[in-house]
Each structure stands twice: as C-alpha cells, then as structure tokens.
Amino acid sequence: MKKIQDFRVKEYRWLNETGYLLTLYSDLKIEPVLPGNFAEIQVPGTPEVFLRRPISVFDADYENRSITFYIKVAGKGTKKLGELNQGTIVNIIYPLGNSFTVNGSKNVLVVGGGSGIAPFVLLADELKKKNIKTTFLFGARTKKEIVLTREFGRLGKVWVTTEDGSLGEQGLVTQHTVFKDILTFDKIYSCGSDPMMKAVAKIAGENRIDCEVSLENMMACGIGACLCCVTETTSGNKCVCTDGPVFNSKELAWQI
Amino acid sequence: MADLTVKIKDLVLKNPVTTASGTFGFGEEFADFIDLNLLGGIFVKGLTLKPREGNDYPRMAETASGMLNAVGLQNKGIGYFISDIYPRIKDLDTEIIPNVNGSTIEEYVEVAEKLNEVEGINAIELNISCPNVKEGGMAFGVSCPSAIAVTDAIRKVYDKTLIVKLTPNVTDITEIAKGVEVAGADAVSLVNTFLAMAIDSKTRKPVLSTVTGGLSGPAIKPIALRMVWQVYHAVKIPVIGIGGIMNATDAIEFMLAGATAIQVGTANFIDPQVSVKIIEGIEAYCKEHNISSVSELTGALENR
Amino acid sequence: MADLTVKIKDLVLKNPVTTASGTFGFGEEFADFIDLNLLGGIFVKGLTLKPREGNDYPRMAETASGMLNAVGLQNKGIGYFISDIYPRIKDLDTEIIPNVNGSTIEEYVEVAEKLNEVEGINAIELNISCPNVKEGGMAFGVSCPSAIAVTDAIRKVYDKTLIVKLTPNVTDITEIAKGVEVAGADAVSLVNTFLAMAIDSKTRKPVLSTVTGGLSGPAIKPIALRMVWQVYHAVKIPVIGIGGIMNATDAIEFMLAGATAIQVGTANFIDPQVSVKIIEGIEAYCKEHNISSVSELTGALENR
Amino acid sequence: MKKIQDFRVKEYRWLNETGYLLTLYSDLKIEPVLPGNFAEIQVPGTPEVFLRRPISVFDADYENRSITFYIKVAGKGTKKLGELNQGTIVNIIYPLGNSFTVNGSKNVLVVGGGSGIAPFVLLADELKKKNIKTTFLFGARTKKEIVLTREFGRLGKVWVTTEDGSLGEQGLVTQHTVFKDILTFDKIYSCGSDPMMKAVAKIAGENRIDCEVSLENMMACGIGACLCCVTETTSGNKCVCTDGPVFNSKELAWQI
C-alpha cells in the first residue's frame, strides 16, 4: 500500500561533489519496497521548490526502519536535499511505481549511468536471492562519477567505462567489450539517460534479449492522478509513475 | 458541530470540500491516503466522447508557487468511464461529478446525454475552459456567445445539476458567468488554469511539448479569489471556488468571497491528504467562530 | 565581452535591464545600494497631471510568490516632477523614462505634451493598465478602441519614443498590442499587474482598503512570459518584458520569448541590488553561450 | 547610509513563549543606528515568506559588530526568524526610517506595549546620555507578556499595567496612576498598538505635551520606493518607512 510518512534525516554519505546517499529513519515501520520502486520526497524549507521530487529507493532497512536514496544534484531540490540537518523531518510518499521483474533468467547484465544506478542495489539483492548471476556495467564521463563499485562488487562482477578513459574502458557503455559476448546474457536491466537506455535497448532487441528499462519523467503527483508523466508505448500513452517507471523496452514506442 | 452541508441546486454535498477535475484522477488513486467517503464530492478527470491520447511529453513544468500542465484531456472516452470506471467508484458515499469536454458542441452534447442516463450521477461540470486542446475547450469559454451556445445545447439534454466551469483568461469573467446563467447553468465553477509558458534558458526551448500550458497552484489564488468575488456579485446561481487552495484558510477565504463550495486541485499532488485536512480545518473554524452552518460563510465578506 | 546595447526605436539602452515603474521610486531611493548609472533605464513612478494622494491604507498584501498593491498612482504631479525631481536625476548616465497616467484622454495628452518639452527625456511609457484607480488606467487598456484612442491622441503630441504599457487582464493581449501599434506606439511593455484580491479570514475583511489590487512578482511570470511570446509574434515593434523577473535566468527567458528589453519590478523590494546582478548574469550568459550581441537573444526561442 | 549586509545568527534569548531577542553578528562594521530605526530582514528558507520583514533595531554593539532585535511571533516570518540555527546567514537592509527626536526635555514618559518596547533601549540610552529623566510604562494583557523590566530598570523607573492584574496595576496603560501626574512630564514617546498610541496621544494632546509615536504599516520595500506604507498626516499621505516610523502625534490625521 502507498503511504505518506514522516521520516527524519539520519545521515549523509557523500560519494563525490554532486552525489550522495541520504538515509532517513522513521519511528514507524517501513513499507515493503520492491526493486525499481520510487518515492515522492517533499523538499523541506525552500521557497523555490513547489512539488515533490521523485527519487528511486536505493536501499531499505526494515529492522532499523531506515530507507536510503542515492541522489545526484540536478537542481534546486536535489541540492537542498543534500543540505539538511540531522533530525530534519522529510515527508515521503512511497513505495510508488512498478518494479523490475525477476524471473527465470540465469545470467543478467545490469547497465547503469549517473543516478541510474540507484535502483540496482535492491535489484541485485533480489537477483542474488534467486541465484541469478549478475554483471554490472556502469558508465560515466569521468572516473569521479563512478561510485559505489565496491558495494556492487559484492553482488556481482562490475565493469566500468568512462568517456575520458580515466577508469575502466574508454568510450560509451555500449562500446564496452562485455557486449561482444552479449549472447551469454538472457536479460538486461538498464537505467540512466534516455540515449543510453535506447542504445542498450537497441542491442538487446537486435539480439532478442529481454530488456527492462527504468524511465524518468516530469512528475507532479507520482500516483497516477495528474497524467503529466506519460511515455508513448505500443499501446498508447502510459504513466511512468504507475505503469512504470520500469518498462520492457519492447513496449516502448522508441525510435531506435 | 456545525452543519457542513451545502446545496448546489439539487445537488447536496455533505461538506463544501471537493476535488478538482484532472488533479484527483477518479478518486481511487487517493484511496490509500484518505477515506474518500469523507469528501463533499469528486470532480473526476475530464471526459470526451472518444478516447484521447492527450499531448506529447513533456507535459509538466514547475513554476514559482505553481505548475504548468499540458495534459490535453487524455482519457479513455465516456463509454469506458460509464462501463468500467464508474462502477468501481459509484458506491462511494460522495458525489461523483464528471467533467464534460468536447471539440464541438455536438460532442459535448453527446457526452452529457450519456451521463444524463447514469443513475447516481447527480451533476456534471461542463468544461469550456481547458487551455490545452487545439479544438474546443477554452475556445468556447473565452467568448460569451459560444459559452452560451454550448451551455444552452447541454441544458436541453441534461436534466440534473449543470455546473459550468469558467476560464480566467478573459477580460470580464462576470460577463461569461451571466451568459451561462441565462443559458441555464445551475452553478458556475471557477477558475480553470491560466494560459502560461515556461522556457528552459539552457536549451532555449519551451519546456512543454505544446509550448503553452495551464498554470495552477497558489500563484493564481489572488486572481481566482477576485474572480469568485466578482462573479458572486454578478450572478444568482451558486459559485464553486477553485484556484490554489492549499489549506482551510484558503478555502474559507474563497467562501467569504462568495463560494458555496470549493475544489482542491494542485494541492492534492503535494499532500494527498490535504482535502480531508481542509474539511477538518473548516470544521474547526466554524467551531471557533460559533458558526452553526458552513453556508453562512458564503459571501460573508465584510466591508473594511 | 558581448555588446549589451539594445534599441527601441530611437531610444538606445546601454543594456536591456531597466526597472519597472512604481517599484523603483525615482531611482534615488536605490542610490545607496547600486550605481544607478549601470542600468539600461529607469521607468520612474507613475505621473499624473495633478498631484494624487493615492488610495487609503492598507495598500499592500503578501501572497504566494507575489504581492498585491493598491497604491493608486500617488504622486506630486507632472509639474513637480519636471521642476523638482527630474533635475536631481537628469545627470544620471541612464535613460529616465516617465510613466504617464490620466483619468481622461485630455489629462494623458497634457502630461505627454509637457514631457515632450523636457530635454534629456527620450521616451515615455503610456500606462493604460493601472488596476488601482477608479477612473482611467486599466479601463483604457482592456478595450481595443479606447487603447487605440489614447495612443493615437498621445502620438499626435509626443515626438520621441512612445512605449505603451499593456494590461494582462484581457482575453487577447495581441489584439490590444496590434491596435496600439497601428495607432503609432513605438514599442509595447507588458505586463502590468493582474487584478487580484486578498482576504483576512480572521477579520473576514479584505486586506486592501480598495478590496482589489494588482498582483506582481514571480507568481505571474509564467503568464507574463506567454503574453510576451504571443505579442512578439503579433507585432513588429519591440516588446519590453515585465512580470516576476527575479534573476538573470528569468530575464533571458523573457528575451528568448521575444523581449528586446526587460523591466525588473517587485524583485527590487527583496534585493535592491538585483537589477545590477541581472546585468552581470546576462553578461555571463552571453559569454558562456558565445553571444556577441545580446539582441541576438530576442525571440531566439527554438522549437522543441 | 542605508546598507544591505549579510549577518549571521549569534544567539537567541527567549523571553516568553512568543517573544525573543535575536542577535546577529557580522564580519564587517555595523552602520550607526539611531533610536527608532528599523531593518528590513530577509527571512531565510521559508516558502511562505516572500517579502522582507520590517523590525526595529533593539540594540547595536558596534565593537562586537552585532545587532539585536526584539521580535514577537506574529505569523510565518517572525516564527521562522525564531528557529534559525546558529551561523545561518540573515540578510538585512538597515538602518531605515527616521528616529525619535531627543532634545531639551527634562522628564520624559515612555509608553510601550507588545513588540512596541523594541526601540526603547536605544532611545533610553540616548536619553541617559543627555541626562534626561526617563519613566517607562509598559502594558500587556498578562504578566507573561511583560518582559525585560530589569534591563529597562537600569535606565529609568519602570511601571507596569496588565489587563488581568497579574503584574503591576490592573487595567489599560492609559489608566495607570502615572497619568495623574502627567503634567510633570514634558515629552512622551510611545510605541505599540494603534489604539494604545492613540489613547496616549490623546492624553498628550489634552495636556499639551509633545508626543512622538512609532507606527507600523504593511511594507514592501522599506526604502520609500513602493509607496505602500502610507499613513495620513495633516500634510497628506506620508510613507511610514521614510517619513516615519516616528511621527509627532500632532502631524497625524488621527481621529482621537
């Protein structure tokens, strides 16, 4: 069930100049969160921010009643969320959206860029539980933007590409050598910029590999009420906040 | 405890707090957050004769104390509403009020005719104020003759309570209100969104796919409040106040200005429980000010 | 460094950033905070033929991301301006542009005639959009024939650059803009404030002595931006953009939408140095985007 | 000269549930402040507050570069100003407005109510410097609202009235016995609610005692630019922010 709940700021872990993990805790129990679910976070105390901000759930600790987000500073709201004092009340609506499907695959490739790696800890936990072999491929412009490789390393093999070659292979994610053996994978999950996901989906399509992508969109409500967040699918416009954010790339009306 | 019921022609609302069309889906979206039976009414998402895909993405932009939308009346058509959606929500103990749209008068009339047959639906809201469609919508609402024409045509086929929703994008809203009153409207609701625009200075492009969209939220409240006050003094039919209502104080201001009931719109996105909080706040205000019936507030603005 | 000069008919502004009438006094009030010589121009407080005491107190109310004012053109009259005020500010190295008001066409004309004689004043702004006076003001600006009539009458007596300031309280602002263009306006400035209202729910009274007032500030920006964009595409004369400009990004958005220059209003109250910060911000934007002349920005909005 | 300057929150001293002294400090020097001057304070980090808030200067410490305000919570802005963390930047425009005139008087009465006592520390300092005998009369509804009597006690005799009789004489300020000997005073200063100041001004007028009052008004700019803050005087509408806030009661078009 969707819930509106007050949390408090527990701690920050800054990963680089613009990316941080924000952990919130609550006195009440945490609702079960599935990999790919997101929350609508109310940004406290800024005149500039009017609406809530959609952010994927990075991790949830049910015992300690805490929930963690991986946030990249994109503008006013994500900046402010990185500057709160410990104990500040943060109201969130969660869990929202659908989730990645984890089924009979054996060997999956997880491709992420930027804040797109956010949903993959929960996903990888789930994959691990089901004994599905997981390979991560993360791309960024430069070394500094590649974060949390150690954490993901515990859940699978991690490959990296950077556009400037400062870490891992040089180039775009889709140029990585892992794609040479793409047919060894039977499922691809991807989250990141639209162009990246489209390129990944294209390769998946060409190789007939099932591919799920997690989309972003401008959202006002996050609960399917405003119809602001649509994306075009093969069966018409669908809401990213309720029918998504996870879509099978085949469903999307992407010109790829 | 104060009597919170209000009457709009034959429509009786258990309290003056309703939710605005397009901001509350079909109610169900909010069932996890509030008891929908507490609401005075739910104005459901705009309906058209045929299914509509709405406008392209992006459809939303945030602005200072407000937002723009360019949804463009995406909906599955009146037929689907009556056969599939309404049955799911009809047993709620609140008034379900469809928001009726069309590109032509004939389309409007057909939708209204169909709704006239639906048992349990006691009122419709005629939307002649949507700024986000190429044909129909606001085009009907900005000119007095066309506002009259569409109201008149619907009045002929619709027997129950007919509410006409007005656009604020006009020089004199009282003129349109008086026109639709004469044409047979039982009430007017105002305001719909203001035609507005957002630009991304980095990409140098409009933010919305449609370039312009409709502005809602607290930014527009002072203008909406003025219009409600003007219209209240211009017509005899009840006025439903809409525009940037975020809390009970805002709602009470609209009632003092002349509203019989109010609609909560954009605020639902920020706090899905806000509508119920507003009901509670109005109750508390009545108690504090020894008001026995909430309808005493309507138009109770005093002179300075 | 980019060339920041812009031209409005014969009026040359050293940069597109000016201050809006009624929000910057006669400039002097800001001399402690900024070097007034840096400004593109100063639109000074509205002037009338005879001294006016303005409206009763209270004249101000705060709203979400905005404010209402009901000043009502308080000023000491055109004679006092020319004899006492202008001599104190005439040596500033910026354009001083008086804002001309009247209750009748004759009054407007007399003020304009007097200003036509003043050396150093190269332009006037004809205010047919003040919502806070009982006679004249916005009444002229909401109807096309009367907007044309007053522009036409002033054009006959005023030789220098004539800017007509439009009200947003109309159904179709392009119609009025086209009308005054034909009547001889050299430029249009928009928007003036929106007619709006605030109520105190505790006292149940209007906040302003005049009940309604004019809404300004970032709340109105999205609507103002849309109107500037519409008018830019409807007329050939330059457009001056006004409405909720708080920073350089806002100013650039107005220019992309079609403004040749902009006016900073309410923002001056919150930060008396904001106008100069906007000039610096525009300079930085030009540098970052390799723009050699700021006028390239005017109307440079791209399609989505 | 008027100045716009960043200060930082130094400390709070709460006087009762709704009244507090807020002290700000600056790295730069403090402009000279006269008794009656006010500042336009920008309230940091609240979406609800758009404009600055006018607040009288309570005290200024030029050596320690700090400035103190006595603020009563009236609404959103004054509430928020009471909740800032130490070190928070607060931008103020000051010194604004005119000031009380201190001239050849010998024995003055200072009448204050609510936040109206704010300008009287600076005033009393000035009176003391000139060896002018000062008597304070403060009124409130109840005991709790009477604050800072010890501080004012150092600068002159302090009388108190409360409406409920919980401290000092019971009744309104103007019913206090000090008014029996009103002719021993040759000047009255007053700041507080309009009805209080009008009542005081009436007594002053009847007894031909010079009387200065400090007015409040809705202000947008505080520097004479917007003409929002007028009050009616015998010579037309005048701006409270520049021609005032201090007016001789004779100048005002008060129906008393």
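To keep things simple, chains are lettered A, B, C and D as they appear, and every chain counts its residues starting from 1.
Note that in this section a contact is a pair of C-beta atoms (placed from the backbone, for glycine too) under 8 Å apart; a residue touches a chain by one contact, two chains touch by 3 or more.
Computed from a prediction, not measured in an experiment: that's the story for all the values here.
Averaged C-alpha coordinates give centres for chain A and chain B that are 36 Å from one another.
Chain geometry summary: the mean Cα position of chain A and that of chain D are 55 Å apart.
One finds 47 Å separating the Cα centroids of chain A and chain C. In whole angstrom, the spacing between the mean C-alpha positions of chain B and chain C is 34. Counting partner chains per residue, chain B shows two or more touched chains at residues 61, 63-66, 217. Multi-chain contact residues of chain A (touching two or more other chains): 47, 49-50.
Interchain contacts close the chains into one ring where each touches exactly two others, per the touch definition above.
All chain pairs that count as touching, in label order, are A-B, A-D, B-C, C-D.
The touching residues of chain C, when paired with chain D in their complex, are 22-25, 29-30, 32-33, 45, 53-54, 56-67, 69, 71, 74, 217, 266, 268-273. On the chain A side of its complex with chain D, the touching residues are 45-47, 49-50, 85.
Taken together, the chain D residues at the contact with chain C in this complex read 1-4, 42, 48-52, 93, 217-232, 236-237. Put simply, chain C touches chain B in their complex at residues 61, 63-66, 68, 142-143, 169-172, 194-199, 201, 203-206, 208-209, 211-212, 215, 217-223, 225-226, 229, 244, 249, 252-253, 256-257, 285, 300-304.
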